[in-house]
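There are two complexes below, and they share chain A, which is joined by chain B in the first and by chain C in the second.
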Partner chain A sequence: MPREIAQLLLNGLMAGTILAVPAIGFTAIYAVLRFPNFAIAAHLTIGAFAGWLANVSLGLPAALAVGVAFVVAGLAGVLNDELILKPLRPAGALTTAIAAVALTLVLENVVRFVFGNDLRGYDLPIRRDWQAAGLRIAPQQVHNFVIAVVAMAAVFLFLAFTRTGKAMRAVADNPMLASVKGIDADRVARLTNFVAMGLAGVGGVLVGLDTSIDPLTGFRVILSVFAAAVVGGLGSIPGAVVGALTIGVGEELSLLVLAPAYRTVVGFAAILVVLTLRPRGILGERAY
Partner chain B sequence: MSALLAVEGVVAGYSPSDEILKGVDLAVDSGEIVSVIGPNGAGKSTLLKVVAGLLRPHRGRVRLGEAALEGKPAREVSALGVAFVPQEHNVFPSLTVRENLEMGGYVDPRAARRRIDEIFVRFPALADKRRHAARTLSGGQRQMLAMAMALMVAPVLLLLDEPSAGLAPRAAEQLFDTVVAVNGDGVAIVMVEQNALEALAIARRGYILVDGRNSKSGPAAELARDPDVRRIFLGG
Partner chain C sequence: MENYLVAMAVFAGLYALLALGLNVVWGMTGMINLGLVGFFGLGAYASALLTRAHRAPIVLGLAAAALVTAAAGAAMALTTARLRGDYLAIITLGFSEVVRLVASNELWLTNGTDGISGIPGPWRGRVTPQTFNVVYLAIVALAVLAVFALCQRIRSSPYGRVLRAIRDDDQVAAVAGKRVIVFKVQAFAVSAAILGLAGALWGHYTSFIAPDVFTPLVTIYVVLALTAGGTGNNVGAVLGAALVIFLMEATRFATGWVGMLKPVQVAALREALIGGALLVVLRVRPRGLLPERLARS
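Here is the complex of A and B:
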């Protein structure tokens, strides 16, 4: 039993790290634009397919496919926001969030129209799992873990040390003051969308490298992404990481008592518990 | 000499039918401190927001030297050398003190790097806290940071919205000393204050707003002695 729990913890840590990448994107958009952009689901799918094309059709290695997914999903995110969500923002966060759900349905169906419903896998070498102290881990899991950690580190460095990254944090803190200081909020919003949706795209590739992809890939993980962001504290980027690890580990540990098909209940339960007991999340500054 | 800032007949509010300011005039010469006092709801903060470009007036003119400000967004007004320090939410709480100053000088990052060192000399308390998040500062330190952020762009005109609100008397006194010191460098200051006596004590001229209109104006010392002013605003 302790070994089984340790294995689930290890798997949960790996899954949580992958989940953290799109969760950072979700929470970053919330921090800057103040609405939950559920369209991150569709951009995760778009990134997964862009990465798949790069990997399988163009023969690029997985690491380069991640880069392609980031750029394609990021650009799609900017375009979709400019054309569809931005004009709706003056109508309020709820209207924009509903439009984002509708946008996700439309985009997923566009992906379905182009690629069909089949499950697709990335072109990966088949390798034996590594074993140590009775625990098993697939080399691909480690690979994905490294990609996720590098992506997160890049985001943290960007936000902490670049002028533009600091401007993004400033707009997230106080948009009115940011405009008084000469920060172009529109430019910051576009950049946030690019980075956030790009991260969703990277998340899509990581899901694809871990399992397989289809047009509903994003839809299946959005609940966990949302739960991670809420648990960590909506708008807090370190919170999204903590939340994602919590959800990842929680979902794996739930397998001790639940059939795998029911593990999404962990996300629902986590959202309920957090909103009831600590609405601002683990690391959030504000209650919403 | 023409005024540095000239506000003429400004009518403004937060919706098309809303008139908080009902035709306000204000003139500020280069290098002077002008205090605007008045009861709650008189429109003092609204007036500063109009000048700062955060609120477009329904009617009236706002000029900085030869440049028309009315209708310009805050970003462009700031680029012309007008720095606005809001009463609340005037720092970025999750950014460090140093990062706040960098954002204060966002429009000119090269000059900002040089200016941060000067700011730390003027505000040693901020220098000690440079790596601390702004949310950890005391009320007085936060107001100092807000003013220091405004000074990062070497403004010609500083707009202060109730800088002493919520401060302990000692911190308020320090803050007014800083306002005088900043003005000593040639920066013109418009200060909106509830703390009328102190505001008039450091100002050259004063304006009194009541219900969105100019009530009285003149040299600050005269206003401070005016029996009507003392009765209405100063409690005696």
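Here is the complex of A and C:
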């Protein structure tokens, strides 16, 4: 039993790290643009398919496919925001959220139109699992973990040390003050969209490397992404990481008592518990 | 052909109920419900299970559907009542996925993805299918009329005025001494009950429900119906529902003519068109065809 739990904890940490990547994207858009952008689901799918094309059709290694997915999903994110969501923002956060759901539907079906509903897998070498102290881990899991950690480290370094990263944090913190200091809010919004949707795309590749992809890939993980962001504190980037690890471990541990199909319900339950007891989440600031 | 038209009228009526239900929260109170298909599905399952397995009368099934969904709606509104509206958006969207997951996996209760068939309908089997269709249209028309009257009553009453005040600025409503949370929870429960009722009526009409029926697409249809008709306006909600059914059927025929496409591409095209239509309406006519009119004070 303790060994089984240790195995689930290990799997949960791996899954949580992957989940953290799109969760950072969701929470970053929330922090800067102040609306829940559900289109993160569609961009995750777009990234997954862009990475798949790079990996399977062009024969690029997985690490390069991640880069392709980041750029394609990021550019798609900027384009969709400029053309569709940005003009609607004056109508309010909730109207924009509705539009984001409609946008997701459109984008998902564009992917479905081109690729069909079939499940697709990435081109990966089959390797034996590593074993240590009775715990098993697949080399691919470790590989994905490293990609996720590198992506997150890059985001943290970017936000902490570059001028643009500081501008983004300033806008998230206090848009009025940032504009008084001459920070161009439009530019920051575009950049946030690029990075956030790019991260969603990376998340899509990681899901694809882990399992397989289809046009609903993004929608299937989105509940866990919301849960990670809300549990960690909506709008807080370190919170998204803590939240994602919590949800990842929680989903795995739930296998002890629940059928595997109910993993995502854990996320929903976690949202309810956090909103009841501590709405601002583990590291968030305010929620009302 | 007549049968087809009657069936479309029934579906338009059911969508009108959904749009009216959404209007109570989104149009009148300014609360979002992005998972309304979850309440729709919950109502359908509640009534189907009660009337099929326990042989309860259909009226009882409808009442139970409304009660169960009202309770679920109240719980969600209560959880997020003090928080920003974004949280309600997330929680309702999550709720609809949970309903679909449970419906797909609790085989003993819902028969999983195979769905429940043989849901009883009023006088089904005792009259010809044509007559059943017409009778059901009359029932749905009555339901729409009753719910429409209720919604108009809410809208024109002092109660509806408080809801609008909350929509426009809930702090002002609170300062005026209104208990905002109570109003929000009540409005959400009423709205959820209407959505659940529509779901129950859906099941008794088609005699078959499955998790596949309750996809997020339905939510988009209904939001499109209300937005196109005129958010906040009950007449607009009904008109918008008829328009959406017309649009869906028109695209069914239109895509039938495009011979080169595979079935999955046709389906993708139709769904993309519906989503695109909502984006266009939000952009060019955000207040809908029949914008809400408010009495001057």
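Here is the rule we use: the second predicted complex is superposed on the first by the 287 of 288 C-alpha atoms of A that agree within 3 Å, B and C clash if a C-alpha of one lies under 4 Å from a C-alpha of the other, contacts with A are read in each partner's own complex, and residues count from 1 in each chain.
Note that a residue touches a chain if its C-beta (ideal position, glycine included) is under 8 Å from a C-beta of that chain, and two chains touch if they have at least 3 such contacts.
It should be emphasised that the depicted structure is a prediction, and the values quoted were computed from it without experimental measurement.
Chemist: Taking chain A as the common reference for superposition, should the pair chain B and chain C be classed as clashing or as fitting?
Modeler: fit
Chemist: For A:5, decide between first (touching chain B), second (touching chain C), both and neither.
Modeler: So A:5 meets neither chain B nor chain C here.
Chemist: Under the stated touch criterion, name the partner, chain B or chain C, that contacts more residues in chain A.
Modeler: Touched residues of chain A are more numerous for C.
Chemist: Touching A:63 in the superposition: chain B (first), chain C (second), both, neither?
Modeler: A:63 sits against neither chain B nor chain C.
Chemist: First (chain B), second (chain C), both or neither: which does A:184 touch?
Modeler: first
Chemist: Go through the superposed model and pick first if A:174 touches only chain B, second if only chain C, both, or neither.
Modeler: First partner only.
Chemist: Give the angle at the C-alpha centre of chain A formed by the C-alpha centres of chain B and chain C in the superposed arrangement, rounded to the nearest 10 degrees.
Modeler: Result: 90 degrees, to the nearest ten.
Chemist: Scan A:157 for contacts with chain B and chain C and give back first, second, both or neither.
Modeler: Neither partner.
Chemist: Under the stated touch criterion, which partner chain does A:116 make contact with: chain B (first), chain C (second), both, or neither?
Modeler: second
Chemist: Name the contact category of A:256: first (chain B only), second (chain C only), both, or neither.
Modeler: neither
Chemist: After superposing the two complexes, find the smallest distance in angstrom between C-alpha atoms of chain B and C-alpha atoms of chain C.
Modeler: Closest C-alpha pair between chain B and chain C: 15 Å.
Chemist: Would you pull the chain C residues touching chain A in the complex into a rising list?
Modeler: Residue positions touching the partner: 30, 32, 34, 79-80, 82-87, 89-91, 93-95, 97-98, 101-102, 104-105, 216-217, 219-220, 223-224, 227, 262, 264-265, 267-269, 271-272, 274-276, 278-279, 282-283, 286.
Chemist: Enumerate the contact residues on chain B facing chain A in the complex.
Modeler: Its residues touching chain A are 52, 54, 73-75, 78-79, 84, 86, 89-95, 99, 102-104, 106-107, 109, 135, 149, 153.
Chemist: Give the list of chain A residues in touch with chain C in this complex.
Modeler: On the chain A side, the touching residues are 30, 35-36, 38, 84, 87-88, 91, 93-95, 97-99, 101-106, 108-110, 112-113, 116-117, 219, 223, 226-227, 230, 234, 259, 261-262, 264-265, 267-268, 271-272, 275-276, 279, 287-288.
Chemist: Given the complex with chain B, which residues does chain A contribute to the contact?
Modeler: 163, 166-167, 169-170, 172-174, 176-184, 285
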